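What follows is chain A paired twice: with chain B in the first complex and chain C in the second.
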Partner chain A sequence: MMVIETVAPSEIGQVCAAYAKRGFRLQTMVGTDERRLSGAYVVRYLFVDDVAHETVECRATIPADKPSYSSATPHVPAADWYEREVFDLLGLRPVGHPRLEPLVLHGERLGEYYPLRKDFDIAAELPPVVRRVAPAALPDGYFEVPVGPIHAGVIEPGHFRFTMRGEVVEALRADLFYTHRGLEKRAEGMPLADGLRIAEQACGVCSVSHALSYAQAVEALVNIAPPPAAGWIRVVLAELERLYNHVGDVGNICAGIGFSVGAMHGARLKEELQQLNDNVVGHRFLRGAVAVGGVAQGLGAAKRDQVRSALERLTPDFSALADVILSHGIVCDRLRDTGRLTPQAAARLGVVGPALRASGVSRDVRRDAPYAAYGALSIAVPTYPQGDVMARLEQRIAEFFGSVALIQEALWRLDSAPKPQPADLCAPLPSAAPFAYGVGVSESPRGENVHFVMANEHGAVERLRIRSASYANWPAVTSAAVDNLIADFPLINKSFELCYACCDR
Partner chain B sequence: MIELQILSLLILAPLVHGWIKRCKAYLQGRTGPSVLQPYRDLRKLWRKETVWSSSATAISRIGPQLAAGLVVSAAAMLPVADRSGGWLAGSSVFAFLSTLALVRFATVLVGLDSGSAFAGMAAGRDLLFSLLIEPTVFLALLAVSLPGAAFTFTGMIALQQATGASHLAMTVLVLCTLVIVAVTETGRLPVDNPDTHLELTMVHEGMLLELTGRQLAAVSWSAQVRQLLWFTLIADVCLPFDVGHNPGALALGFGLLLWAAKCFLLATLVAAVETGAAKLRIFAVARLLSFALTLAVVAVLADALF
Partner chain C sequence: MWKLARYRMAAGIATRPLADILADQTGESGVPNETAPAGQLPPELLREWRSRLHGAFGGSLHLRHVDSGSCNACEWELTALMNPVYDMQRLGIDFVASPRHADVLVVTGGLTRNLAEAVRLTYEATAHPKAVLAVGDCACGAGLLGRTYAQSGRVDTCVPVLVSIPGCPPHPHRIIRGLLEVMARLEEA
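Showing the complex of A and B:
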């Protein structure tokens, strides 16, 4: 049930503050250029109450000749990035925003170049952005450590600037968006069904979740529901994605402290799970498996057996690996109390996914707003209260076993259903009403992925806004690193294991 | 024949490094690079162009060569398979450890000179560890030389060969101490991770991040020699069998083979320790090193009391 509240641009900040005060959390915020329809821009803040299962859309129509609105960030800190991004890409100024630095662009704003405005041609050249780094004025005993954007390992680019006092991090600033590919702009004008190909490539390792969020947004937009068999297959796909991610993350945390036994076995198990993905779906990252309206391919009895036997083999292995990791003295010493994220900070920053649950907050989209066939399953949501690296590791280990159980249940349901015909796998896509929009939410291995899709008058994509879990969680990494040893930062970073590409889009 | 022994040590150092890498790979279920890879890496670096950090001064240019020269001098002080005289500085422990300290000094200067924040942090950590480890080394070696009062390696070897069996407890304690010292000094887990790409966590590698070409080759090679020197020191002090006095050609050859076997054995042990360990928190390294210091103190006491 979505409540829509339309307010004046000068009041939207206050209205958002009121919802935040009532216990709603900001799920996403989207700016759209609707000048063709109404001669104005629109900003939409989506607030949800996870307990009462309520969703509220606060909307302000912003006249094209005065593109500004009152910022919600002073009252809703989680709105910080969204509002800066809307200013960078659409040129709508959030009045009263405390730190209106460029987010997507580094260094300087380009003036009248706003790529997400409809009159901006995607092929147009942008002027070069000059990045000026002034030496920071620091008190005695403090120094700065700049890291990246190019890193020594094969990882994505991001610039981190640590303010240090001895070995201790006093402040950290992360400049991301080096992998901004303009996916949202590119999707505009594509047929709704094809936009999925863009959406699922937002992220390398959360393809299924992004595809699901997009497909669900479109399904909500045209008001269809995927067939039941497709729902069960979607569950299997989403959980297979969680398995290989969580196993890989557990191994990566070990690599962050040079614990090679854990790192190598984590890498091996992840590889075996990805080979299973390849055998079952034809893609190691499970791409191309989800379709708008259902799934692109079935999951025959032979493939179901393949999944089952692989899980029977790998689950005891992972269990043994978890025991080795959790009983290692040095490993436990390094992980405990490191990179602590308090539940209060997590709530303030709008953190999602395992990172939130490892700070003791029980929230999981699969249980709270079920999609696919999750509504028919009982979802256990383990939580760990400590909020440190150890808790995030244990969280992933616990969720691994939960996912295995869900896959087994879903496979069993598919076993007992009659063999599906092609029509049982994917519902036909009716034409969309002009400027109708839908929101799709799914729980990726990193947390909630939210896609906002609006159709245009030809039934194609008018606006796509991808809010990945990484986008929501990056501010938490910089917050959790403060007061830790700088040598622990790689470990803290890996315990969140956020993606740069789906944050930057 | 001392030249032959020094030369064998200098030439064999990269092989020992490659051996550790290979053992670690095997223990981790990987194939790993060939044991000859360190030689290939050195050859590659030697042929490469040198790029300088914009803040580099003459220190960056001469520091690496200085470090390489100093490890050669240190190698000339440590007996390999001959405990007779003729070693540089009379194989004095003070001279040897001071030379290694100078190598560290040169490396730290090179790191600081690059102006990189990583190198500066790494240099700070390296100096912290050296501060904690140096008294331990002296104490451990003092325990060995206390009964005979000869603070030279040749003297210690002779003493250990003559009376080592009756000082077994002390020898074992010194061995444990020196293994911890060697792990720290060679930048290995659980103190430093030689295989990491995470600059923020580096100690030894961090100081070399801005070096390229021949300078990097020189520092890498001197680190490999330094590693083999520590293994040799442990072999000399704790396992001194068959280090002959003025050996003939055949005995010397046999002695060299046995020395190499002892060093590869220690290298294998280090690889096993590294595989089972994770990296300690930087400030928890002090705990490990004070444990080593305690072992050394007990070794001295074991000497004095029994």
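Showing the complex of A and C:
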């Protein structure tokens, strides 16, 4: 049950601070242009209490002629990016924000260009980016290492600025949002059912999770539940996604220290899992399988057998590989104590997913706020207390086996149910109330993905806000890199395995 | 060490023969295949491939990847080219760390405003002769997101594209056939 607290724009920062003090965690923050409805903008902060399972929405209505509100960032550090993004895209100024630099729209602040305002045309051209790079004023013995946005490997773009003292990283700033594509604006005006294809584009490798979060947000908005068979198929899809991501990342962590055997066999197993995805769903990244109201395709007996036999073959293979990696002295030596994220830092920054669990905090959306058919399953949530790269590697290895067990259970449930008719796979979508909104949350391989979807008066998307796990976790990477050797940064970065695309959108 | 050796022995060789990869059309139903016309026999393709590779680049083609605003799916498929199954390096093709070392820029994504400058500078930094391979629907101008305030929706608004490989994302074997096309075009030029 969601509690809604409406406050004045000048007080919202203090109200958020009070919730943070009571142990609530900022889940997402959304700014909307509701001038058509009420002549004003609205900002909504969603806070959750993970122990009491309570959700609170703090809301402030911001008059169009005075677009500012009091910032929560001085009291709730996790609100930093959200407020800067809302200022960039909607022009609502968070008064009292400590670092109000442009975030999503690079370069100098543009002034009157606010793309998420309703009177802004999506294809309007913005002025080109003007970058002014000034050398940092550093004390003697310190220097800066700029890296990116184009990196040496086949990876996504981001700019990192390391402040170094010798080999040791003293501070790290990550400038992201290079791949900001205007995805949320593109979804606006699309029929609610079709918006899912846009949500899938947020991230190639968490497509299922984004599709699920979006579908659940719309389902909450129109108040329907997917049929039971669809719930079980959603579990299989979400766990197949976790498998290839986790296996791929185990390989990537090995690549980060030049341990070729682990890297190559991790890549081989990931390829086999992606071929399984292709055979079962028709897409190597499982796109197009989820639909609003259920799933887009069934999972017949032949396909279930295919999944089962592939997992029977790949599970012992991965288990042996994990054993090779974890019993290799040099590998363990490199991974232990590297890139440590303390539980306190994780809590302060609002970290989610395997990175949080590897810092000893037991939280998993699948168990704590069950969706799809997870409520009917017993979800083991392993945790590792150390918070270093080793812990994050072990975390993923443990979660691999958890996912295999969940898939086997879901397949068994599908076996014992009668063959589903098309109506058992997808519930029809009723029309949506104007300006109604829903929130969908799912656990991607990287952590909690939160989608906020609001409908307009024609039953189409009025506003989509995607808060991916990577968006929440990026500040943790910069925090974990401090006091490590710069040569270990690629390894630390890989151990968090964050996407740039679903952070930047 | 014993465990490692045993695991390597037990895992065997996963690499697919090149002829298999070139002939594989999995996941491409309904998508026009630009680089391998239907009916072409794999051995002929294989012979062509080998002659192109040795003729045009002395047995080595160096690629530099540039992300111009992709969703990360194309990146994963490019990375897959280097896994033991496709093992692109055995064909003399490899990704290099600098545009200065590259013959071909492999560009993914729909050219965001925030990356336009980086893509242009990377192209300028690449030595002649050079070519751009656009990988994926977004780079080719057929992406779902299209043109927005934040991206132009295609890379040829910034750099000249020699060959386009559509797909969301294109399958690794399709990318390999696209590389064949690049070599053929470079040889003609």
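Here is the rule we go by: the second predicted complex is superposed on the first by the 504 of 505 C-alpha atoms of A that agree within 3 Å, B and C clash if a C-alpha of one lies under 4 Å from a C-alpha of the other, contacts with A are read in each partner's own complex, and residues count from 1 in each chain.
The rule we apply is simple: a contact is a pair of C-beta atoms (placed from the backbone, for glycine too) under 8 Å apart; a residue touches a chain by one contact, two chains touch by 3 or more.
Since the structure is predicted, the reported quantities are computational estimates derived from the model, not experimental observations.
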item	value
Touching partner for A:268 - first (chain B), second (chain C), both, neither	both
Touching partner for A:328 - first (chain B), second (chain C), both, neither	both
Chain A: partner with more touched residues, chain B or chain C	C
Chain B versus chain C as contact partner of A:487, first or second or both or neither	first
Which of chain B and chain C A:258 touches, first, second, both or neither	first
Touching partner for A:134 - first (chain B), second (chain C), both, neither	neither
Which of chain B and chain C A:178 touches, first, second, both or neither	second
Contacts of A:302 with chain B and chain C, given as first, second, both or neither	neither
Partner chain in contact with A:152 - chain B first, chain C second, else both or neither	both
Overlap of the chain B and chain C footprints on chain A, listed as residue numbers	152-153, 261, 264-265, 268, 328
Sites on chain A touched by chain C in the complex	105-106, 113, 115, 120-126, 128-129, 131, 149-150, 152-157, 177-183, 185-186, 197-198, 201-205, 207, 248, 261, 264-265, 267-268, 270-271, 274, 278, 282-285, 287, 317, 320-321, 323-324, 327-328, 499-502
Complex contacts: residues of chain A adjacent to chain B	143-147, 151-153, 164, 167, 254, 256-261, 264-265, 268, 328, 330-331, 333-334, 485-490
Touching residues (chain side chain C, partner chain A) in the complex	3-4, 7-8, 10-11, 14, 26-27, 65-67, 69-80, 82-86, 95, 97-98, 109-110, 112-118, 122, 143-151, 168-169, 171
Complex contacts: residues of chain B adjacent to chain A	24, 28-30, 117-118, 120-121, 189-190, 193, 195-201, 274-284
